[in-house]
Structure formats: structure tokens, C-alpha cells
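Some notes on the structure that comes next.
So that you can tell them apart, the chains are marked A, B, C and D in the order they are listed, and the count of residues begins at 1 in each.
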Amino acid sequence: MQTTPLMALAQAMTATAHPRALGLEVISVEKGRARLSLPYRAELVGEPETGVIAGGAITALLDHVCGVAVMTALAAPAPIATLDLRIDYMRPAAVGRIVLAEAHCYKVTHSIAFVRATAYEDSADDPIASASAAFILTGTQLHPWSSAPA
Amino acid sequence: MQTTPLMALAQAMTATAHPRALGLEVISVEKGRARLSLPYRAELVGEPETGVIAGGAITALLDHVCGVAVMTALAAPAPIATLDLRIDYMRPAAVGRIVLAEAHCYKVTHSIAFVRATAYEDSADDPIASASAAFILTGTQLHPWSSAPA
Amino acid sequence: MQTTPLMALAQAMTATAHPRALGLEVISVEKGRARLSLPYRAELVGEPETGVIAGGAITALLDHVCGVAVMTALAAPAPIATLDLRIDYMRPAAVGRIVLAEAHCYKVTHSIAFVRATAYEDSADDPIASASAAFILTGTQLHPWSSAPA
Amino acid sequence: MQTTPLMALAQAMTATAHPRALGLEVISVEKGRARLSLPYRAELVGEPETGVIAGGAITALLDHVCGVAVMTALAAPAPIATLDLRIDYMRPAAVGRIVLAEAHCYKVTHSIAFVRATAYEDSADDPIASASAAFILTGTQLHPWSSAPA
């Protein structure tokens, strides 16, 4: 088995308490791109009558996958902080299905990284929700979303 | 002790798995307004070197307080779904402090409710992050953020 | 010469006063997709020393191209209203260059249409700004962004 | 008659081509706060049957008032650039009425300024639309929304 440095970085970011509590898993990662999964679990259900997982879990998934994609886009791991995050929700997640999210950090300037992400079950063409976010590259002025894992 | 119907509603919404895993607590609630707390806990730390809690926990707090404020603004509990959520992050949360969030649902139209929220420790004038969101009032077409608790 | 119904629709939307004042032109259109141009003009300059056009002109371009893409995505022309619009700005537009914007309406639900757009000079991979927006499909409750031209 | 330096600054920003084409006028300004008006004019109508002005004109008004509020919040005029802008639209503007917009720059960090704005006819409690935006304080990396007028 082989783990690339980017995969190790993504897994270290996902091993912190909040992503772990949600059950997030890294599926694949390449420079500027990340794909994660959120397995369906009873504890995530927000609506007991239907079994649909809480919107907040989708929010957290998209928030995290954006951060991972930004980190992998940088030349070297560095502190990043979410500057803003916007999520649009299209429809409920299918009951009992794994939710995937993929993010693409499409632009890095001197001080800001821009990223978009989509959550879905089968195809990004039938999205559950989509996100766009901006991250600031020095975590010191703003909210340190994450530091680079050692 | 006395619990108002709005407080009971807010607490029922906060008793689901994801808010409970974060440790969210309802502080106060009135029609169209809600205040919640996120107590500091080691499991929420996103940055071990500094002890700062993960940005994702602030995101989840703001997401949830917006939903509670919208629900209390309605004439009767009804299914609501987050249509979109935007969060701006100003600075890290102070280490070891309780984070508060207050939300105000400032406009309800026939089909959409609009809400703003702020997270802070001591005063909303020194915010950690601020949110604005739109919720759709029938949960059937979109992501059911929450149904009305029975 | 031949004008498709979608092109006629896009041109009618762009013939209203505000788009015309900016000098917006429809380049191409297909179902759910639109491409428009904003020619460089001295009146749009926001920063006399550098000649860079005002950010507000880019905002207006993206706002409009989103509306056109949504309108073409509908089965039949119908009133639409912008529910929310978010724009991220990456860099200044190049001085003296035509700015292009292309939009894709990637999801239409019963009541909401979701769209993304990018502004650039040469390639969408080197964006000036990007937008995401949600439109509501009955203009009566909210801001009537546009009605269907007769 | 007396013009304060902040009023002179706001008027200079509003004397550029795009705000002038819309007919924007500065009503009042103080440190971190600005109020502007958009007089009703036939050229701004987006929907001929109803006479409602185009959503894009409201967008431009909010975009501009945010920039003015940020500029007045700074210790000294300096280049600023819109990093992102989000607008929520609640309802159509009333036909034939002046639209007002007021903005408050509620937080300035080392590199970013955060601002909120509301558009309305009579009262901010009955909004047409609301905006939140982030501006970056050095215009060189991103879109130069405006330079400081000489």
C-alpha cells in the first residue's frame, strides 16, 4: 500500500475531532482537488420521520472538503483560515446512501484561495448542495480553520 | 420552572444528534430570535498547537441558530429547509471561552424566511463570525433542514 | 442569418435599459447556458489612474448573464426573480480588454433555479470573478428580476 | 453650506461613470456608515408591464453603498477591492419610489473589511434587499473596486 503526501495531509486534516465525529473519510486527493465521503448513520438523522440526515452534516462535509482542497493546492502546507463560505442546498440527501463531496480549488492568489464544492450521491450533475468559499492564506488575522499537520 | 412553547421548540430542535454532539445549548428564545451557546471542549479543537476550536464548529453553531430563529418566527411549527447559508469569519474564537450565537429572522415572505446571525464571546460588536441565510418554508422540494418536532 | 428562439429571448432581456447602458452583448446561448460580453469603454473605468473598469460593472455583467442562463433553462419563458447572488472577485479585469461572462444553470427544481457564472478575458480558467445565484421561478413574491419578453 | 471630508470622499466615489449612470446620490455619511439613494427613473425599469426597476440596479446600489461605507471606515483613504459580495432579494421595489440603501462597515481587520447593507423605501425594517460583503484593503492583488479619490 502506498500513501501519497497529499493523501497523508488530507487524512491528517480529517483525523481531527469534528470531522471524525461526523465520520468523514478521504476518498481521493490530488493537487487542488479532494473527494470525501459522509457515510449514512442514524446519529446524523435530522428528521426522524423520514430518516433524512441533517442539513448541518452536509454543511460540515462541504466546509471540510473545501479546506482539504485548498490545503492540497498550496505549494507547501501552511495555515489557512476560512474567510467566507456559501452553501446552496438543492434537495434532501437520499436516505441510507453515502454522500460524496468533491472540491476544486480553482484559483490561488497571493493571499486568498478560492474553492468550489459539490455534494451528491451518484453524480455531481445531480447535486444535493454546492458550496463556494474563500480562504485566507495566513491564519493569523482570521479564524484558523486548520494549521498544517506536522 | 417554566418552559415557554418557543423554548420547548428550540430545545427539541437542539436535541437531535448533530447539535447534541457539538454540545449546543439554547440560552434564550423569543419570536424570530434565538441565542445558543457552544461550550469550549477539547474535542472541538481544530488546531492542537493553539487550542482554537475548529471553524467547522462555528459554522455548525451558526447554521443551527439560524434554523431555530426561523422556526420561532413562524406562526406555527412547519417544515423548513435551508436554501442557502453564507458565513463570514472575522477572527479565531478565544481559547477556552464559551461561544455564543444569536440569530434574528428579520423577514418572512410567503415562501422564504431570511435570517442573520452573529457568533461572539462577549459582545456581538466583536464578532467571531457572522451568517446570513434563506430558508424555504416547505421542506418537500429542498433539503429538509428540520421538521417541526412533535 | 438565423436567430434561434433562445437567442431572441436572450437579446430581448439584454435590450432593457440597464444592460444596454453597460453595453452588454449576447455572444451565444443554448439551453441553460449563456455567454455575454462587456466591451471595454472609458465610461466604465472605476479607477482613472489605471484604467481598470469598476467592479460594479463586472457585478452587473455576472448578475445579468445568470438571469439569461436561467431563462433559457426553463421549458417556457416565465417570470424569474433573483433570490440571492454571490460574487467572488479574484483580480482586476485587464485594461482595454473585452470581458466575457458565461453562465450555466445547473439545476432547476419546482420553484428555484441554481446558476453559476464566470467572468474572464481569455479563459474561464483564469477568472476575473465568479458568481453563484438562486432564482425563484414565480416573480410575484419576490423581486421580479425580469419578466419574459413578449 | 459645509462638506465634511467623509462626505467629499463619498461624493467623489459616486461621481465615477457607473454610479452616475444609475443616478446614485449620497444622502449622508459618517465613519463606517453611508446612506445613498437611487431615484426612480424610466431607464431603470426592468419589467415594462409593471414599471418595477431592474434587480440589477438594486444590486449596483448595494454594491456601491458597501464600498462607500468601507472607505469611510478606514483611518485614511486607501485602495480597496471587493473580495466577495452577497445579496438577498426580498421583494420588488415599489414603482415610482426612491430606493434608499444604508451600509455599515462593522469590522475592519488588518487586511479585510466586513460590511452589511440594506435597500428599502421607507424603513430598513421592510427591506427590498440586503447585502453582506468583504473588501480587501490592498487593491493590488484583487479587483480594484475603487482607489481613493485624490
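Keep this in mind: a residue touches a chain if its C-beta (ideal position, glycine included) is under 8 Å from a C-beta of that chain, and two chains touch if they have at least 3 such contacts.
None of the values given here were measured: they were computed from a predicted structure.
Interface note: chain A and chain B, two copies of one sequence, contact each other through mostly matching residue numbers (shared numbers exceed half of all numbers used).
Ranking all chains by how far their C-alpha centres lie from the centre of chain C, first place goes to B.
Taking each chain's centre as the mean of its C-alpha atoms, chain A lies 20 Å from chain B. A straight line joining the Cα centres of chain B and chain D is 29 Å long.
Once the centre of each chain is set as its mean CA position, chain B and chain C turn out to be 33 Å apart.
Residue positions of chain C touching 2 or more other chains: 83-84, 86, 88, 90-91, 109, 112, 134, 141-142. Viewed as a network of touching protein chains, the structure reduces to a complete graph with every chain in contact with every other. On the chain B side of its complex with chain C, the touching residues are 83-84, 86, 109-112, 134, 136, 141-142. Those residues of chain A lying in contact with chain C across their complex are 86, 88, 90-91, 106-107, 109, 114, 116, 125, 127, 130, 132, 134.
Those residues of chain A whose C-beta lies close enough to touch chain B in the complex are 16-19, 21, 42-47, 49-50, 52, 54-60, 63-64, 67, 81-93, 128-129, 139, 141-147.
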